[in-house]
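The following blocks contain the structures, represented as structure tokens.
In the two assemblies presented below, chain A is common to both, partnered first by chain B and then by chain C.
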Partner chain A sequence: MREFWHRVVNVLASLRLTLVCLSLTMVLVFVGTLAQVSSSIHDVQARYFESLIVWWPLPGGGGSVPVFPGGHLLIGVLLLNLIAAHAQRFRWEWKKLGIHLIHGGLIILLAGGLLTDFFSVESFMKFAPGVTRDFSESQQEIELAVTDSSASELDTVTTIAGSRLRRGGEIAAPSFPFRILVRDYFANSRVQMLAQAGPGAMPAADHGIGANVAVLRVAQATAPNERNVPSAIIEVRDDAGKSHGTWLVTDQLGAPQDVRMDGKSYRLEMRPTQYYKPFSLTLTKFTHDRYPGTEIPKNFASSAVLTDPERSENREVLITMNHPLRYRGHTFFQSGFDQKISILQVVQNPAFLAPYIACVIVGLGLLVQFSSHFFAFLQRSKATRSAP
Partner chain B sequence: MRTVFLWIAIALAWVAWNSRSVVAPANDPGVAAFARLPVLSDGRLKPLDTVARNGLLIMHGKQSLQLEDGRQIDADRWLADVVFRPSVADEYPLFTIHHPDVLGLFGWEQADRKFFRFSELIPFLQKIDTQGQQADAVESARRTPYQTAIRNLRNALIVYQRLKSSLRPENSLGFAKEIERFERVLPAGMEAIAHREAKQPFDEDSFSAFIGLAANFRNMAGMASLLPIPPRPGTPESEWEAMGTSILDAISRRGIPKATLAYARAGDAWQDANAEVFCTEIASLAAELAAQQPSATRRAGFETDFNHLAPFYQAMGLYVLAFLLVCGSWLGVGRTASNTVSPLATAAFWILVLAFVIHTFGLGARMFLQGRPPVTNLYSSAVFIGWATVLIGLFMERIFRDGIGSVCAATVGFITLIIAHHLAGSGDTLEMLQAVLDTNIWLATHVVTITIGYSAMFLAGTLATIHTLRGCFGGGLSEEARRSLTRMTYGVVCFATLFSFVGTVLGGIWADQSWGRFWGWDPKENGALLIVLWCALILHARWGGFLRERGLILMALFGNIITSFSWFGVNMLGVGLHSYGFMNKALPWLGAFILSQLALMALAWWRLPPLGHSTASEGRPRG
Partner chain C sequence: MSAKFSFTALAAVCAMAGCKDDGIRVYRVSKPEATPPAAMPAMPAVSAIPEEGNTQISDKPPTGWKAQPRTAMRQASFLVNGSGGGEADVSLIRLGGPAGGVLENVNRWLGQLGRAAISEDELTRISEMRKVPLGEARIVDLEGLAEGADSQKDGRILAAMVPTSEGTYFFKMRGNADLVSAQKSDFLDWIGSVRMGGAEQGALAP
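Entry: the complex of A and B
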């Protein structure tokens, strides 16, 4: 048994493993780059880089076969390889300072990368001047919100994640007196008025807006700027199991719909997943400069007021291209605009400092390592030149 | 020693000959002064000379124009004709049309000429516009060659027509007189308008005379691509005005600027082919602008001189000369018993130093004109890669003194400048930067480091090429030469690792600052990562003893392919966030380059000894 572990550690710490991993990573990166011509960056990231295994769908829809190690697997193995090699062969010598620095920095970089992939949250905050936001919205994920507005002061909002809807089945929650049965889920859909959908089109549901429209299942978005429009057909049942009709909930329609149960009204709304903040931003001004006489954008800038009752903060902030706002673990970037609406990207990344630290350490290590080589070489070549 | 001086003297004489037009302009003094006038165009202050050269490049593909009678006219004279005497310019064989389908659109057979007059294209303008707009709607990566061609033609025609309306109304018989008349009818015209709006009787003649002229000037202002009139005192520095706007300003009683009147008179003189008056008017205009905008005028003058000096063209010539001289020295030319280093090699080194000085001047001049770090677009990256490689090559030559550093410097310097020359065809290479690039800190750190990384990779690849070619042909390499080549290659790969890694991570940090994520697997990021991984692979394989001499050569050659993919190839995919460097014209060239490197690898594999001498212990961590 000890023999076996010894061998495992030897393999894990071996230079051959490093070479194999580096080569495989190169192939993966190359293929993942070319794949972006036909797939969206999000799909490519999920399929090639943020996965343990790259799966290849068999033609004819007969499942998938694993074809290549994914990015997470390769980074993980490289990380183990680095740590194992150092654990096994580590001996402190000044001469090896450069190597230690390089590899130590790399460990921080790779570990930080994995942490970022697992724990960072990216979302967007979109608002026009004068609007206050205390939440940001996901670009990809959606949720079904059930809102009870019967109390005079506060609404009770219950959200059901898109992934839960996708799984189907019956969903119940203590905050509303009914159950939701997912009859059908559309990862990407197109909603059309019945009259325009052509002959033979069936209404998507028998209550709410769904009675007047048809919903079509369409292929998932692949182009870089396309977005999926998820929809679901849900049936509302009371606790006795009796059906109270079906509803179409979809990300395409802004208008929420009402379900009446036990004399109370509940609002159903499919929307991008919202992330609430303990503070808020109020956009005061958005500017978009162009170079004189051209359409080339020169600068975007959002002026906002940051209000945080918990920390008694109330101040003006300026967010521009290349100058984000960092506050309470969030970073706000000027990402774009849509006419008068400013779009900020909001990132929560607990590991955002890792690359900064790693860059300094590895850069220093490379400098130490190669300059010591270089000076040794210069000494030697001077010696050989003066020798004869 | 005499040989060395002789060659350096030849090089200096060549540079002096090419610089003569700065001291004694080839043009008559009026055109030369006209070319130096500053205008605001595409967001940047530049001399008319730059406008002329870029315009001609976009429409004609060259910086000068050959007329059908064989006469050659330069860009500045051509521009003067376009803006002041369009009826003449319309007859120049200007527009380049290659694509048979575009010719077919006009019902023309594949012609025996490739340049066409504007007057010939007039009947088809509507068609070109419709077709061009259709092509414009297609993503650049998905355009067919026909779509690209028709879109380019449409853009060229737009540039041309906007230029024609920039300084003078196209069909004016006397622009200065029209302005005078406008000033004269202005009070009566304004009164007539006021009366008309108040529904009172008004003077119809004054009204229509005023409205007619004003409409003419407003059209002109709407079409103009050049803003030649400096901002009035008290307005922001960037608010240069179009000719038309500056005339219409008279309505708000601001008076018509002197510069506007001078441009109008100069234009009339050019239209009348009166060179003397043109010269006087341009001189007074230049004096007026110099008094109002001293620094803009100085910069525009400097840029004109820079255009005339064409430092990169001169450096290119010197790189070729240096390359030939080193090759001569390798063939033993000029070597005698008394010297160990051929005088040709010494001459080559000093000519390279001269070329490097000129190259540096060009780079510095661009930085001064743009107020930016050296690399801001694909063009400048090519110039900078050449510059950095020549610098490293010169250092190597100082250390090893065997001509190899010189040959590398000359080869890469020449090739990158040729690439830059071909990249310049799309217009102004000092263009303004998009918002995300508007940061000198990151341009100076990330972009410069990553570009030095490319330089080092190409240098390592060039060393491997020399190793392969000299090892296979001409009697092979001596033991010592092989050893030093291998050592150089290894050292340069180390250097490339340092810069590529730091550059890539700095790029990630920039992305973290502006896009909110350190790493997003964007094509350009992946390209940089591939270089870093490849360097890491080479170094680890060598330290592990898996890689001997031939292996190192093969990997360094393959490094050329990876670097060219990362520098150019990813831009051809047409996707990703780094969309400020898209281009797809060079695809066949990239393909040819990759094939050539594969051929070299095959040659090295076939003809070089697999092990070479054992240098595996070198640089390997002992223990």
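Entry: the complex of A and C
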């Protein structure tokens, strides 16, 4: 066993592993870049770079096979490789301070990259003046929300991630008294009125809006400014297995539907994934200036009231293009606007300082390393000149 | 690298890659502030349905209507709050072609209000025609409250359908019956202000 772990450490610390990982990373970046021709950048990132393994779907829908290490695996192995090599080979000496600093900075950089990928969340908060928001929304991810509004004070919202709907099967949760069977999932779709869809078009579902429309499966969006419009056809069944109809859920309609069960109404709504906050922002004023005579944006500014009952905060804040609001691990950037709606980009990244710290440490390490060589060179040349 | 080590590492990585979150979360959240379901915001004008989502329009919404983010289908969306706590959701949607026909859509709205479907003759009797910049608008004013519906947010639908060569425009205000009734004049003025082109489009900051 001891020999096994000894070999593990030797492999992890080997320079050969470094070269293999760097070579594979280059191939991965090349292939991932080419893949953006047929897939959206979001899908490529998820499949090639934010994964341990790149899976390749077998023709005919017969599953997937692993074909290549993903970005997370390669960066993780490189990180381990760097730590193992440092621990195995380097001994503390003042004259190697620069090398130690450079390695330390690289370790922080790689670890920070992984932490950012795993834990950072980017979303958007969109509101008009006078509107209060205590949640932000994903630009890409969607979820099916089942809302029970029967309680007088708080709503109970159960969200089912789009990735879960995509997997299909039966979904149950203790917060609603029925089961959801995913009959079909459309990664990108168009909804058309039945008469518009042409002869032979079938209703998407037998309850709700789905009884009046047809849903069409279309190719997934690939352009950077496009996004998919996912839809799903679900069947609602009670605990006894009795069907309460099929329903079309899609964020294309912008209108939720009500399912009644046990005398209560439950709202079904496909929507962009929402991230709830323990505080809220109320937009009081939004201004956007343009350069005179052009449509080129010059400045955006959102005045808002930040309210946080937990921390007894109730103050005015100003968010402009180059002055984001940082609060409770969130950074709010003024991102854009849509008519009179202010759009804030909301970033939660617990490792946002890692690249700055890493760059400072690596820079310091390079300075120390090159300075020590430089001063050693000066001393040698001084000794050479003073030699008889 | 031994075969045993390679296999162990590969199995561990595949197992980690196969770990899936069940993707289900439960929240208890405060009730939406003045936000009827249909006004819940979605993405702005970033859509993969150019034929339905992003035709430029210009309009003059009445003061007091709160603009809501456009969705893939909605070209305009507003929220109206009444002094008594009532709410109404206003939307403008364009669909290609006749979009199912006027009668089918009116009957669908009646169903949403808990009322029975009507015939073509009855539709002719209850609807009125009005000339607007986009074309001839057919306007219906429907009242009813479905079982279990919230009377503060539902009870009346005021709608106008305008068929054009590019498709059918649907203007709709749905919400508290008294509020919708009080807003009828503003709603009709708004329909009269909607024109093609010249819209101020959103832009992302550089």
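Everything that follows uses one rule, which is that the second predicted complex is superposed on the first by the 311 of 388 C-alpha atoms of A that agree within 3 Å, B and C clash if a C-alpha of one lies under 4 Å from a C-alpha of the other, contacts with A are read in each partner's own complex, and residues count from 1 in each chain.
The rule is simple: a contact is a pair of C-beta atoms (placed from the backbone, for glycine too) under 8 Å apart; a residue touches a chain by one contact, two chains touch by 3 or more.
Not measured: the values here are computed from a predicted model.
Once the two complexes are laid over each other on the shared chain, residue contacts for A:91 go to chain B alone; chain C is not touched. Residue contacts after overlaying the shared chain place A:137 against chain C, while chain B stays out of touching range. By the touch criterion stated above, A:267 is placed in contact with chain C alone, chain B being left untouched. Shared-chain residue A:258: touches chain C; no touch with chain B.
When the two complexes are overlaid on their common chain A, residue A:160 makes contact with chain C while staying clear of chain B.
Once the two complexes are laid over each other on the shared chain, residue contacts for A:343 go to chain C alone; chain B is not touched. Of the two partner chains placed by the overlay, neither chain B nor chain C lies in contact with A:230.
Legend: residue contacts after superposition of the two complexes on their common chain; A:321 is shown touching both chain B and chain C.
In the superposed model, A:210 lies in contact with neither chain B nor chain C. According to the touch criterion, the shared surface of chain A, contacted by chain B in one complex and chain C in the other, consists of residues 297, 300, 321, 335.
Interface residues of chain B, counted against chain A in their complex, comprise 40-44, 141, 227, 238-240, 399, 432, 434-436, 438-439, 442, 487, 491, 494-495, 497-498, 501-502, 505-506, 508-510, 512-523, 526-527, 529-530, 533-534, 536-537, 540-541, 543-544, 546, 570, 573-576, 619, 621, 623. Residues 15-16, 18-19, 22-23, 25-26, 29-30, 32-34, 36-37, 41, 44-45, 48-49, 89, 91, 96, 99, 109, 113, 116, 120, 122, 224, 290-294, 296-300, 321-324, 331, 333, 335, 345-347, 349, 352, 355-356, 358-359, 362-363, 366-367, 369-370, 373-374, 377-378, 381 of chain A touch chain B in their complex. Across the interface of their complex, chain C is touched by residues 4, 7-8, 11, 51-53, 66, 69-70, 73, 126-132, 134-135, 137, 139, 149, 153-161, 163-164, 167, 171, 173-175, 188, 190-196, 209, 212, 218, 221, 225-229, 251-256, 258, 260, 265, 267, 269, 271-272, 276, 295, 297, 300, 321, 334-341, 343 of chain A.
Across the interface of their complex, chain A is touched by residues 1-2, 4-5, 13-14, 16-17, 20-34, 37-38, 40-49, 52, 66-74, 77, 79, 91, 95-101, 104, 108, 148, 199-206 of chain C.
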